[in-house]
Every structure is written in structure tokens, then in C-alpha cells.
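The following pair of complexes shares a single chain, subunit A, combined with subunit B in the former and subunit C in the latter.
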Partner chain A sequence: MSELNLEIDGRAVAVPPGATVMDAAVKLGIYVPHFCYHRKLSIAANCRMCLVEVERAPKPLPACATPATDGMKVRTNSAGAKSAQQGVMEFLLINHPLDCPICDQGGECQLQDLAVGYGKSASRFEEDKRVVPAKDIGPLVAAEEMSRCIQCTRCVRFGQEIAGVMELGMIHRGEHAEIVAFVGRTVDSELSGNMIDLCPVGALTSKPFRFAARTWELARRKSISPHCGLGSNLVVQVKQNRVKRVLPLENEAVNECWLSDKDRYSYEALESGERLTRPMLKDHGQWREVDWPQALERVAAELTKAAGSVGILATPHSTLEELYLAGRLAQALGGSADFRLRQSDFSGDAKRGGIPWLGMPVANLDGLDRVLVVGSFLRKDHPLLAQRLRQAAKRGCRVNVLHSVDDDWLMPIANRKIVPPSELLEALRGVNGTPIGESLRSGRNVAVLLGNFAQQHPQAAQLQAAAQALGYPIGFLGEAANSVGGYLAGLPVGGNAASALGHKALVLLNAEPELDCADPQTAGQALERAQFVVALGAFRPARDGADVLLPIAPFAETAGTFVSTEGRIQSFHPAVRPAGDARPAWKVLRVLGNLAGVAGFDYETLEQVREACLRGKDLAALLSNRIDLAASPAAPAPQGLQRIAEVPIHFADALVRRAPSLQKTRDAQPPRAWMNARLMQQLGVSAGQPVLIRQGSGEARLAAALDDRLPEGCVRVPAAHASTAGLGAMFGTLGVQAVAVGKAA
Partner chain B sequence: MLDYGPDAILMAGLDGANWRLADYEKRGGYEALRKLLADQVPPERVIAEVKKSALRGRGGAGFPTGLKWSFMPRQFPGAKYMVCNSDEGEPGTCKDRDLLRYNPHSVIEGMIIAGYATGSTAGYNYIHGEIWALYEQFEEAIEEARRAGYLGRDILGSAFSFEVYAHPGFGAYICGEETGLLESIEGKKGQPRFKPPFPASFGLYGKPTTVNNTETFAAVPWIMRHGGDAFLNLGRPNNGGTKLFSVTGHVARPGNYEVRLGTPFARLLEMAGGTRAGKRLKAVIPGGSSMPVLPADVMLATDMDYDSIAKAGSMLGSGAVIVMDETTCMVRALERLSYFYFEESCGQCTPCREGTGWLYRVVHRIETGRGRAEDLALLDNVSDNIAGRTICALGDAAALPVKSFLKHFRHEFEHHIEHRSCLVSGPDSEPKWGRAGAHLPPAMARAA
Partner chain C sequence: MLSPESLRRIDREIAKYPAEHKQSAVMAALIVAQDEKGWLATETMDFVAQYLGMAPVAVYEVASFYNMYNLEPAGQYKLTVCTCLPCGLQGSLDAADHLKARLGVDFGETTADGRFTLKEGECMGACAMAPVVLVNNKKMHDYMSNAKLDALLDELRKR
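Presenting the complex of A and B:
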């Protein structure tokens, strides 16, 4: 269809059919005042701030909702339009508290800003103002000042349309209308913080940030999220060397204008009381603080002593530069280094065509019309990738799921197949001919995406090969900020995450083995066995397995580079100085290299490290999801109950584990042992009852919980939590036993 | 026999009990439908006939019904709907209730014919919750029609299938607004939609939909039986047929009267027994509380049809004629009306949500002796800032009465402000229902 030609404020513009007057104005760069309109949300047309004059229309029309038509003549600032806009502004203000100086939103309030342009200096409203009661909707979003709400319903529409769940709604009519959460509930979406950004006034604000600073006091520093593989772009807001708030930095190709709550609130951990701020040595079982030279010399000596058998375990949340130096150090000292701590199958290591990645730009997810997601706790592992697929599903993309649990992704699922972990591979191999296969076959833009669970699976390489064999483009949903970057840094070196544990000296980089490794038990045993363990971390470890602790600067305190799951190389600067004596890990690793006499380790700047790491590498050419692997027979069905272990969203890394507000959310509730009804009956346990989980040499006491969508013979027991850290492998079998109620623990 | 006046056609031959199918058929009911189907009259011919009749929507806006039906897309695959608006929330209006109570099959037959003319697959009748017994009775009537083969698949052996369902409302005025009504049927909060798109292209469940008032549908069988010309000739050009008027207020015999459009107001007033003994007529709201009030002399020189009342400066609306005699304090009357719109605003759009409360509070202040000299200009201006700037017409409905009361009875408001007392004193000025706002929530009542 041909474009529509119209005129706004005397300037000609052409827009495609279906565009609104607002779209046309935006195209011309003409600002039409608005509150309820948001380009990512449906049109509500309720605030009426965007009223404009349209030639031959008897009344002013809302620009946001009025379709552009050919030959239309619009005036956004004629006397008529202005008077309509001013009238609306007066209405918005009559019941709005005019106490900007004590409002948390002051200085960054759309209502305040527009009132300057469209409001009067005095009010004609002399009646009492409306009072709307405060609400408690959870630990992240403050709804303390609902009298400030202007009923634009952006928050409501965000829930319905973007988060996929309507957790806020408007009850009552007219002046009594109020935004509320469902009776007695909180707002639990993993994307809830975006409502704060969307709220044009001070009604919904950030609970942790409230009254902590004024917007104009804050320095804005760009950064990159250290959490999931998406690499969300951040604005870190700083006052007096303290991170006060994190906001999204708009990047349509990555996080759009959104952030997951994890990305938004994990900064709170920077001020955790568990921060490690001084190097520490263990002498005869006693910890004492030492200065850096002393600690480094000790570490260098021990590593030199163990030369030939140094294992470095880094989390994939470490920066590219850190991982690069870790790899070089392992190479030089002799040993191995890896970042894939939660993975357990490395049989594909020599068989892969390149670095596993998303297989396409993130933005291309929008255009898929068929997708199969294999082994992923998508919503919690990749909140914003899930959001992309949710929007795609809305546009008709058929989302198929093959997994061991059937969690609600808050989007229509075309077909789902839920099987025990041991049957995942066979199920994937047999997809063709099933409804999932049929669904994929009917698509034109198809992808098979392998999630964290598939990557952590003991037959991960075979799963990759099976996915490849389906004949569609495949992609990996990268677990962490540097799941691609780790490979680019040259890791693994000299083995893999499992074999690295066998070395005499162990270096832990950001890692808490009992929480970050595929099998906490073997990791724990390795730590005990090792002659020497040094932990480079930002926090005091919960478990005392090291001989030396070196405080390093985490996210926001250090510079570095993450390579996202789509292969986007994103470098960032520190937003604040490190806490206490903490140092950037790349510097620590460099000095260790120097002290251990490693040649060519004389980097003076981070840029030099990055340069050395990337020199001669063409990332685009390195990315490949190809695998040349003969299909092996599926593993025999294991005896006993199979464990299904996810990494709960707010326990995935050391930072988020210590973010206090996130730890108060529903997502951070202690793990439970989920079973289906039949298993519960077999075991004679009921929901809520304590059960004893035994795996290997360890046990955990959890509350039983019912999830009847779980496959037969499986118990869902999350990993990465203190309460389950004594258990064994994330994939494996375990025993469950009812604990007699009343019996002492 | 129920007496709606000598010219009644919709309400003729009713005795209060003869609402059932057999009675309706005895009065010639469903003949029109039978003939249409037997003769396989093309749907366009039905629409043409309705156009010729100059039937205008009885729900408020007086939009030509035939024209509205012609907006329904002909070639549309899938469901299309006819929706009957029996929400009847407009203060003063109580005619649809009588129609449903005494002659429900006329509405059902009208809906079926409309469905036939527009190629619709189903009809919904949205009946306000305050008349629950009539909702149940309507369900019974539908069942009778279904059993007789007037509803369902292949009606009377023709190729036309159509269903009718009843749907109860729960007492929100805004659910009478046609798109709020559609939302409500869909199970959502009754909030009007922004138009465009209009229901004819995106209506109930996103399908092409026509919403008509109960009385509009009830007139259709008569038109098809007697012809569009006959209906037109009952009224005036562009104002075809008879109309039910709900005459309330200070008259001797309040009630529903069916008269030909174009009947002089004086005649209608006479049918309702005239004003109460010894009292002079002061003002009339001729079309339901949302329409501008007119002074007695203007009304007494006006005929009751859409165009004449428009010329006189008001609107025929839903046909609720609210009669006020000299004992009425116009300030208090407006206070009452403004309170209604304040309480019934759905609250989604700013000018209505904020403006209706403002209007009410200012009028309330004036009525209670706390008015200020600048209040009248303020009321005028706030009304202007509401009217024409809202999502639905409730905003206009709240603004128009204020403007008209001020226009015609400004001196009463000025008197209240200046003298802190009422120009019209008398025992009758205390309304039966007490003071508006008496049942505000505690916090607000304190403020008021």
C-alpha cells in the first residue's frame, strides 16, 4: 500500500498506512505532549494530553490514537490545540499533590516537566485533593504515593503486554479509580522494575532507591549487565562514589528499553556487609588480614610450587580480560582453566566448529515464526529474551518447548513435550513427526534454541548434534554475561571445568564452587584435596575452602568486556572506585603472572589486555554452532529418582545472591522439592511437609511441593542455593524421604 | 389494557400479562420475519426499507438506523453481531424496561430481522442488573422463540441461522455506552473504547457489530410489516414513527407515553396530567439528564421530534422528559445531576475523571452557601474543557447540563452565591433522596 501524505504544523510527512498522527509527528521530530502513550505499549488514549487540532474535525483529537489519513492537516500548537492541552494539564494537576520538592520523582517527572510548559502558575481548584491509600506491592516497586497516580495505566499495560502477566489493575470507577495489585498479592514479575521507568509520575518508584538521591545529583555512567547472556545496556547512577541506582540504557538491538529486575537491583550487593575488602591469609586455621604484597607473594609462591598442576575455575560472569589472563596464566604455569563451571559434558570440545552462540542477532528473535526451545528455564534464565519471544508469539510465532519442567512462560505455547532429563536427548532426536516437528516444518523462519539446562545436561554435546540434525538453524541461549566471551578469551585451556578440579593448586575467579559448579560435592572434595586454594572474589565466601582470599572489584567497580550471547563485544568502564582495598581482577592476575615469572605479562592497561586477547581474531568467523559428533546411543535410564536442577534467578551469581531487595522477592524464596502427585503418594509425603533429599554423600532438608506437570520419577531440586549446596550433581539421581513431623531435626 | 396513548403501536394491545410468544403471534408477531424468510427478501431491501422509515436510534444519539446497519461489512468471513442495548441507565428513562416487560418478542423479532439484514450470526441483549426478573423473563422469551424455530439453525427452514443471548449488566451507567457495553459483555471492566475503530468494523470480540437500543429493535417488526412509508408517515420527515417518552418529575401522571414524533410537547404534558395542581411549569429536560435543560416557554413552543428539539437548543436523547415546576431549585437540580456524572464516570480519561468531580464540588459549594463570585465562569470553563475532549460522550453528558443550567437559570446561581440562600424556597425543594453526596465515602464526605 502506498504511503499517506499529511501535514503537521505546516510540514509535510509521509507515513505507512496504519500509522497514527503521533507516529507522523515523531517522524518529523515534533513533540506532542503525552503521558499514557508509550511506543512499546498498546494505545489507551486516556490521558488526553496529546490532543491536537485536525482540519475539519469538530473536536481536538488525541494524536496517539488518531489514524493518519491522506491529506490530513494537523496543528499541534495552534490556539485550539494548546487550549485543549492546557485544559488537560489543569485536570491532571487538580488532584495531584503539588509538592514536587518532597516527591521522589522530582526532577525526573514527566508531569512536572510538562506542567512547566502547559500548566498555570496558580490553581483554580480550591477543593480538597483526592487521597489514595499507599500499597505494599513487594520489595522492589514502591507504591507508597498512589495519590500521585494519573491513571495512565502504563503499568497495567506493561504487565499485560510486556511481562505477560497482569499483576496491577485499575479498580473502581471515576475518581475512586485506583491502581492495585491483586488482593493480597505482590508484583512478582521478573520484569517488574520497568513499571517504575514507565510511571510518568512519582506513584511507582524504586523501593531500594527511594529518597536516596536526587536525579540531578547523580552521575550517569554507561555499563553492561554482568548477569545473563543478553548483555543488557545499563546506566549506572552514582553519587559520591556509591552506586545509587541502575537504569536501562536504551538499545533496541539488545534490551530495548527494558531491564530485568536482576539487572536493575543487583547493584545493591556492592554495599553488602559480606564484601571482601582486604586480602586475607589463613595461618594455622586462623584468618588474618594482610596487605596486598604479602598476599600476592604467598599466592605466587604456592602457584609456582604447584607448577604443572594449577587449575583455574572462573565463572562466565568474569570479564573477557580476566578470562584471557586466567587462561594465559594456566598455560604458563601448566594446568587448566575453564569458565563453564555448571557444564558437565565436554565431549564436544574438539568437535565444535566454533564458539557456540545465539546463532543470530538477538533482534532476529522478533522475526521467528517457529521456534523450539530445548531445556531452558527461559523466563527466569533469560527474562528479556523470553520477553522477545513473547512479543513474537503475539505476532504469530509458534513457540514449542522441550524440557523437563513445564513452567509458565506467560506466552502461548504451541506444543510442549515434558520428559525426564534422561529422555531429553531421545525426545529431541524424535521431534520430527511429532506435533513439535510438524509445527517447525510449517515455518519459514525457524530456530531451535538450546537453553541453560540443555547446555548443563550430561549429554549436552549430543543434544547439540541432535538439534543440528533437525536441519534448522540452532542457537544457544548463553547462560552468563561472558558465555561467548570465555571461548573468545581462549578458554578452556588444558582441559575443562571438571578436569581443572583435579589440580594441586586451585584458583577461583568469582566462583563459589558449592554454588557455581555442576557438582558441588566433587568441587568441595577437590577443594579439600588441593594443596592450595586461592579465591579471587568480591565477597567473603560462605564456605571456608580457601587458603588465601583476594578482594577483587566486581561489576560497576571495574572495567572490562563482555561478549554477549549474540556475539556483541561490549566494553565498559568502572562507575565507582573499588570498595576498600579491592583491586580489578585483571590487575591481580597480571601481578600474579609477573611474580610467577610468566613471560610477556607486562600489560599496563586493560586496553592492552583486550588488544592482546582480540588480536587477529575475527569473532564473526569464530562463531559457529556446528558440531561433528557421531550420535552415541542414549544413556541408559538411571536407577532411582532423577534430579531436575535449575539455577534460581536470584542465586545465579555471587553478586545477585547478596542483593538484599532481590533476596526478598518471591523468586528468592528458599528452594523446595517439587514432585508430581503420584510420586508424593508413593513417598507418602504431602505438600509443605519436610523431606530429606539424599544425593551422594550429602543431604538437604526441603519442604515438599506439588507440581503435577513434572515428569514421572523426577524431583525438582534447585541448585545454587545454600540449602542444597551439600548435594551432588545438578543432573543425577537422588533419594527422597519423608521426615516425620515433630521429629527433631 | 395498558394505556400508552392513542397513537401507540409498539405498546398497543398489551395488558401486562400477554408477553408470551403465543400472545405476540396473535398480535401479528413474527409475521414480518416469516414473510422475509419465505420470500427470501434480499438483506439490502430490508435495510432500504428501514432507511425509508426514517427510524432513528432511540438510545440517545438519534442516528439513522438503516444507515448504521449499512456500515456492517457485507463480505466478512466469520461472526458478526447485533447487540441490543437494554442498559437503560440514563436518569429519567424507563421505557426499555416496559418494552422488555410487556413485549419482549418485539425486541427479539427486531434483532432477528436486523441480524438477517446485516448477515449477523448472533445477537446479545445487555439488560441492566436492576431488573433481574425481566432478564430472566427475557431468557424465557428467547427459549420460546427458539422452540418455535424463530431462533437457531436454519430459521423456519431458511438458510438463515441466528442466535440471541441475554447478558446481565450490574448497574454501571457507563456500560450503556456502546463500547463500554461491548467490553462488559466480553467480561472486562466496562470502559468505553477509543473510536475509531467503530464497532461496525471492530466490535464485540473484535468482530463487526451493531449496537442498537431496545426500542429501536422493537420498531423494526412493525416497519417490515407495514412498510417504511407507513412508519415514516406516523412521524415527520427524517423523524419516522412513534416514540416512547418517559415523563417524570412534577407531573400529575408520570409514566411512559407513546406518541407520534412531532407531537407538541404541550400535548405530551397534557397526557401526563399536566403539572401538579396550581404549580407553574419552570423547566424541562426533554431527552434524559444528559441533554440541555430548556425553559418552560421554549418547551411549550416545541414539538417532540429530533429536529424540532435540536432547533430549540436541546436533544431528544432517550426520550426521558424531566418536568420541573416552579418549586424546583435549579442549583440543587444541577447538583444532583452533576453528582450522578461524577459517580458514574468510568475514570479512564482525564477530563471526565477529574472534571466531573470538580464540577460537582463547585455546584455543591454553591448550593450549600459557599459559592464564590468567580464560580460561574469557572463552571463554564471547566465544562468547556471536558466537552469534546473525552473518549466517550459521558464527558459531554456531564458538561452540557451545566452549561445549559447556567445559560437559562444563571440568576438562581447568582442568588445562591450572593445571598447564600435559595431563590426558590418551599417545602418541595428538599428532594426525597436527601442531599447529593450524602453517601460519599467517609473521607470524601468529610471533605464535602
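Presenting the complex of A and C:
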């Protein structure tokens, strides 16, 4: 279809059919005042702020909801348009409390800004204003001053359209209309914080940030999220060397204008009381604070002593530079280093064609018309990738799922196959003969995506091979900020995350082994067995397994680089100075290298480290999801109940574990032992009753919970949580036993 | 939660719409639920939401938008007087005052014996016959002079 030619404020513009007057104005860079319009949301046209004059139209029309037509002549600025806009503003302000001096939104409020342009200096309204009661809708979003709400319904539409769940609604009508959550409910979406950004006034504000600073006092520093593999772009807002708030930095190719709550609120952990601020040594079982030289010398001496057997375990949330130096250190001292701590199958290591990655740019997810997601807690592991697929599904993409649990992804699922973990591989191999296979065959732009669960699976390499054998492009949903970067940094070195545990000296980089490793029990035993353990971390470890603790600077306090799951190399600067004596880990590793006499370790700057790491590497050429692996015969069915372990969203890394507001959310509720009704009956337990979970040498006491969509013979017991840290492998079998009530304590 | 009979009635309403638009039956479903329960408690709205596969707050939006839904327990007879402008000009406010005096309650209140609830309503499309009073959302009485109002109350009391 041909373009439509119209004229706005005397300037010609051409837009595709279906575009609105607002779209055309945006294209010309003409600003039309608005509140309810948002380019990512459906059109509501309920604020009327965007009224413009259109030639031959008898009255002003809302630009956001008026389709552009050929030959249209629009005036956004004429006397008529202006007076309409001023009239709307007067109405909007009638019931607004005008309490800007005590409003958290003051200084970044669209109503305040537009009132300057379109409002009168005094109100003609002398009657009583309406008062709307405050609401408690959860720990993240404050709805304390709902009298400020202008009923734009952006927050409601966000829930319906972007988060996929309508948690806020507008009840009553007219004068009595108000925004509420359903009686007694809270807003629990993992994307809820975006409503704060969308709310054009100070009705919805950030609970953790409230009254902590004025927006104009805040320095804005760009950064990159250290959490999931997406690599969301951030603006870290700082006052007096303290991170006060984190907002999205718009990047259409990555996070668009959104952030997950995890990315938005994890900064709170920076001020956690558990921060490690001084190096510490254990002498005869007693911890004492020491200065850096003393600590480093001790570590260097111990590592040299253990030369040939140094294991370095780094989380994939570490920076590229940290991981590069860790790898080089392991190489030089003799030993191994790895970052894939939650993975358990390394049989693909020599068989891969390159670095496993998303297989396409993130933005290409939007254009898929068929997708199979294998082994993923998608919504909680990758909130914004889930959001992209949700939008794709809205445009007709058929989303198919192969997994061991059937969680609600808040999007239409075309076909789902839910099998025990031990049958995941066979199910994937046989997928072509199922409705899923049929669905994939009918597509033109198809992808098979492997999630965290598939990557952590004991047959991960075979799963990759089986996915490849389907003949569609495949992709990995990178678990962490540097799941691709770790490979680019040259890791693994000299073995893998499992074999690294066997060394005499262990170096933990950001890692809390009982929470971050595939098998907390073996990791714990390795720590006990090791002659020497040094932990580089930002927090005091919950479990006392180390001999030396070195305080390092986490996200926002250090510079570095993350390579996202789509292979986007994103470097960032520190937003604030490190707390206490904490130092950037790359410097600590460099000094350790120097002290241990490693050659060529004289980096002066981070840029030199990055340069050395990336020199001669062409990332695009290194990325590949190809694998050359002969199909193994099916593994025998395991004896006993199979564990299905997820990593709960707000326990995935050291930072979020210590973010107080996130810890108050529903997503952070203590894990339970989920099973289906039949299993409950077999075991003689009922929902809510305490059960004893035994795995290997450890046990955990959890409340039983019913999830009838779980496959037979499986218990869902989350990992990465203190209450289950005593258990064994994330994939494995376990015993469940009812605890007689009364003895539960 | 709801009786098999009510569910049957709701299913009949659902059947009027394409399967993927079950939610279109929300108003009818709420009426059925209210017929059975007398009012729409949180649990009732929650149930209807689940039954129709929609967000509870979306059901709440509908239930709170229209006057015919009772979000609180109501008396045996709910009398709704239209007080919109055309009716107001035709004396509906006087009629409302008369009812208030006779019943001893204000708008939104229920008589102590639990028999009558008085409500303010919006245009019922019967402006020409003002004042109008709607009984229990179902039966409309028009041209309500004070004498006719008294007769109505007497009749309802006798039932």
C-alpha cells in the first residue's frame, strides 16, 4: 500500500497506512503533549491532552487515536489546538492535589512539566477535591498518593499487554474511578517496576527509593545489568557516592524501555549489612581483619604452594576482564578455571563448534513465527526475553514448550509437553512426531531455544545435539550476564567446573558454592578437602568455608564488560566508589598474578586487560551452536523420585539474595516441595504439611505444596536457597518423608 | 461456590459467544451470581473470574462500574431511583426524599429490618416516565408520585 501524505504544522510527512497523527508528528519530531499515549501500549485516548486541530474537522481530535489520512492538514500549535489543550489541562488539575513540593515525582513529572506549558498560574476550581485512599500493592511499587492519579490507565494496560497479567484495574467510574489491585491482592509481576516509569504523575512511585533524593540531585551513570544474559542497559542514579535508584536506559535492541524488577532493585544489596569491606584471614579458626598486602601475600604464597593444583570457580556474573585474568592465572599456576558452576554435563566441551549463544540478535525473537522452548523457567529466568516472546505470540507466533514443569508464562502456549527430567532428551528427540513438531514444520521463521534447565541438565550436550538434529536454528538463553563472555575470556581452562573442585587450592570469584554450584554437597566437600580456599566476594559468605576473604567491588562499584547472550559486548564504568576497602576484582587478580610471579601480568588499566582478552578474536566468528556429538543411548530411568530444581529469580546471584525489597516479594517466598496429587497421596502428605527431603548426605525441611501439572515421580525442590543448600545435585533423586506435625520444630 | 443451576445459566450465556471470547459473558455471569448470592463478595468475583478465565480485577472493574451489582449485602428489596438530570428535572429528587423519609435510610443504606436498600441510579432510558424506581434490578415502576411510592412500599412489605 502506498504511503499517506499529510501536513503537520506546515511540514509535509509521509507515513504508512494505519499510522496515527501522533506517529506522524513523532516522525517529524513535533512534540504533541500527551499522558495516556505510550508507543509500547495500546491506544486508550482517555486523557485528551493530545488534542490537535485538523482542517475541516468540526472539533479538536486526539492525535494519538486519529488515523492519519491522505491530504490531512494538522495543526498542533494553533490557537484552537492550544486552547483545547489548555482546557484539558485545567480539567486534569481540578482533582489533582498539586502537592508537587512533597511529591516524589517532582522534577520528573509529566503533569508538572506540561502544566508549566498549558496550565494557568492559578486554579479557578474552588470546590472540594476528591480524595483517593492509598493502597498497599506490594514491596516494590508504592501507591500511597492515589489522589494524584490522572486515570491514564497506562499502569493497567502495562499489566494486560506487557507483563501479561492484569493486576491493576480501574474500578468505579467518573468522579469515583480509582486504580486498585483486586481486593487484598498485590502486584506480583516480575516486571512491576515498569509501572512506576510509565505513571506520568506521582501516583505510582518506587517504594525503596521514596523520599531518598530529588531527581535533579542525582548523577546519571550508564551501566549494564549483571543478572540475566540479556544485558539490560541501565541508568544508575547516584547521590553522594550512593546508588539511589536504577532505571532502564532505553535500547530497543536489548531491553527496549523496560527492566525486570531484579535489574531495577538489586542495587539495594550494595548497602547490605553483609558487605565484606576488609580483607580477612582465618588464623587457628579465628577470623581477623588484615590489610590488603598481608592478605594478598598469604594468598599468593598458598597458591604458589599449591601450584599445579589451583581451581578457580567464578560465577558467570563476573566481568569479562575478571574471568580472563582468572583463566590466565589458572593457566600460569597450573590448574583449572570455569564459570559454568550450575552446569553438570561437560561432555560437549571439545565437540562444540564455538561459543553457545542465542543464535540470533535478541530483537529477532520478535519476528519468530514458531518457537520451541526447551527446559526453561522462562518467565523467571529471563523476564524480558519472555516479554519479547509474549509480544511475538500476540503477533501470531506459536510458542511450544518442552519442560519438566508447566508454569504459567502469561502467553498463549500452542503445545506443551511436560516430562520428568530423565525423559527430556527422549522427548526432544521424538518431538517431530508430536503436535510440537507439526507446529514447527508449519512455520517459516522457527527457532529452538534451550533454557537454563536444559543447559544445567546432566545430558545438556545431548540435548544440544538433539535440538540441532531437528534442523531448525537453535539458541541458548544465556543464564547470566557473562554466559557468553566466560567463553570469550578463554574459559574453561584445564578442565571444567566439576573437575576444578578437585584441586588443592580453590579460588572462589563471586561464588557461594552452596548456592551457585550444580551440586552443593560435592562443592561443600571440596571446600573442606581443599588445603586452602580464598573467596573473592562482595559479601561475607553465609557458610564459613574459606581461609581468606577478599572484599571485591560488585556491579556499580567496578568497571568491566559483559557479553550478552546475543553476543553484544557491553562495557561499563563504575557508578560509585567501592564500599570500604573493597577493590575491583581484576586488580586483585592482577596483583595475585604479580605476587605469584606470573609473567606478562602487568596490566595497568582495565582497558589493557580487555584489549589482551579480545585481541585477535572475532566474536561473530566464534559464536556457534553447532555440536558434533554422536547420539548416546537413552539413559536408564533413575530409581526414586526425581528432583526438579529451579533457581528462584531472586536467589540467582549474591547480589539479589541480599536485596531487601526483592526479598519481600512473592517470588522470594521460601521454596516449597511441590508434587502432584498422586505423589502426595502415595507419600501420605497434604499441602502445607512439613516434609523432610533427603538427598545424598543432606536434608531439608520444606512445606509440601500441590502442583498437579508436575510429571509423575517428580518433586520440585528449588536450589540456590539457604533452606535447600544442604541437598545434593540439582538434577538427581531424593527421598521425601512426611514429618509428623508437632515434631516439625 | 455457585449452584449447578447457576453454572448452567452461566454456561448458556458463555455459549452465546465464540469460545475465545468467554469473557464477554461477564456481565451476565455476575447477574446470575448475584441472583444466587444476593451480592458480589470478593470470593464470588474471584470465582467468576476463574470461571471465565479473566483477571479478578477486570471482573471487579465491571462489577463496580454498574449500579445493578451489589458489592455489599443488600436488603430483600433494592430500590434504585434514577437521579440523572432529566429525571431530576421531573421530580425524582423529591421522590427520593420521600423514600428516604419513609424508610428512614439514606442512599446506599439498608433498613434495620433488612427489607429495603435505597440506591441512587443512573439513566435507565425511561426519562419520559420520571420519576422511575427499579426494584431488584428487574422490575421498573414509573411516574412515581408519593402516593404510588407508598403503595409500592406497602405491596412489597406485604409480600
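Here is the rule we use: the second predicted complex is superposed on the first by the 743 of 745 C-alpha atoms of A that agree within 3 Å, B and C clash if a C-alpha of one lies under 4 Å from a C-alpha of the other, contacts with A are read in each partner's own complex, and residues count from 1 in each chain.
In the analysis below, a contact is a pair of C-beta atoms (placed from the backbone, for glycine too) under 8 Å apart; a residue touches a chain by one contact, two chains touch by 3 or more.
Only a predicted model underlies this, so the values are computations on that prediction, with no experimental measurement involved.
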So if we stack both complexes on subunit A, do subunit B and subunit C clash, or do they fit?
clash
In the overlay, answer first, second, both or neither for which of subunit B and subunit C A:Asn95 touches.
first
Based on the superposed arrangement, let me know which partner A:Gly354 touches: subunit B (first), subunit C (second), both, or neither?
neither
Decide which partner touches more residues of subunit A, taking subunit B and subunit C as the two options.
B
Which partner chains sit in contact with A:Val180 here, subunit B, subunit C, both or neither? Use first/second/both/neither.
second
Go through the superposed model and pick first if A:Leu168 touches only subunit B, second if only subunit C, both, or neither.
second
By the touch definition above, which subunit A residues appear in both interfaces, subunit B in one complex and subunit C in the other?
170, 172-173
Give every residue of subunit A touching subunit B within the complex, in rising order.
43-49, 51, 58-60, 62, 65, 67, 84, 87-88, 90-92, 94-95, 124-125, 127-128, 130-131, 150-151, 153, 170, 172-177
Residues of subunit A touching subunit C in the complex
160, 165-173, 180-185
Which stretch or stretches of subunit C touch subunit A in the complex?
42, 45-46, 55-58, 60-61, 64-65
Which residues of subunit B touch subunit A once you look at their complex with the stated criterion?
172, 174, 189, 194, 196, 342-358, 361-362, 365, 378, 384-385, 388-391, 441, 443, 447
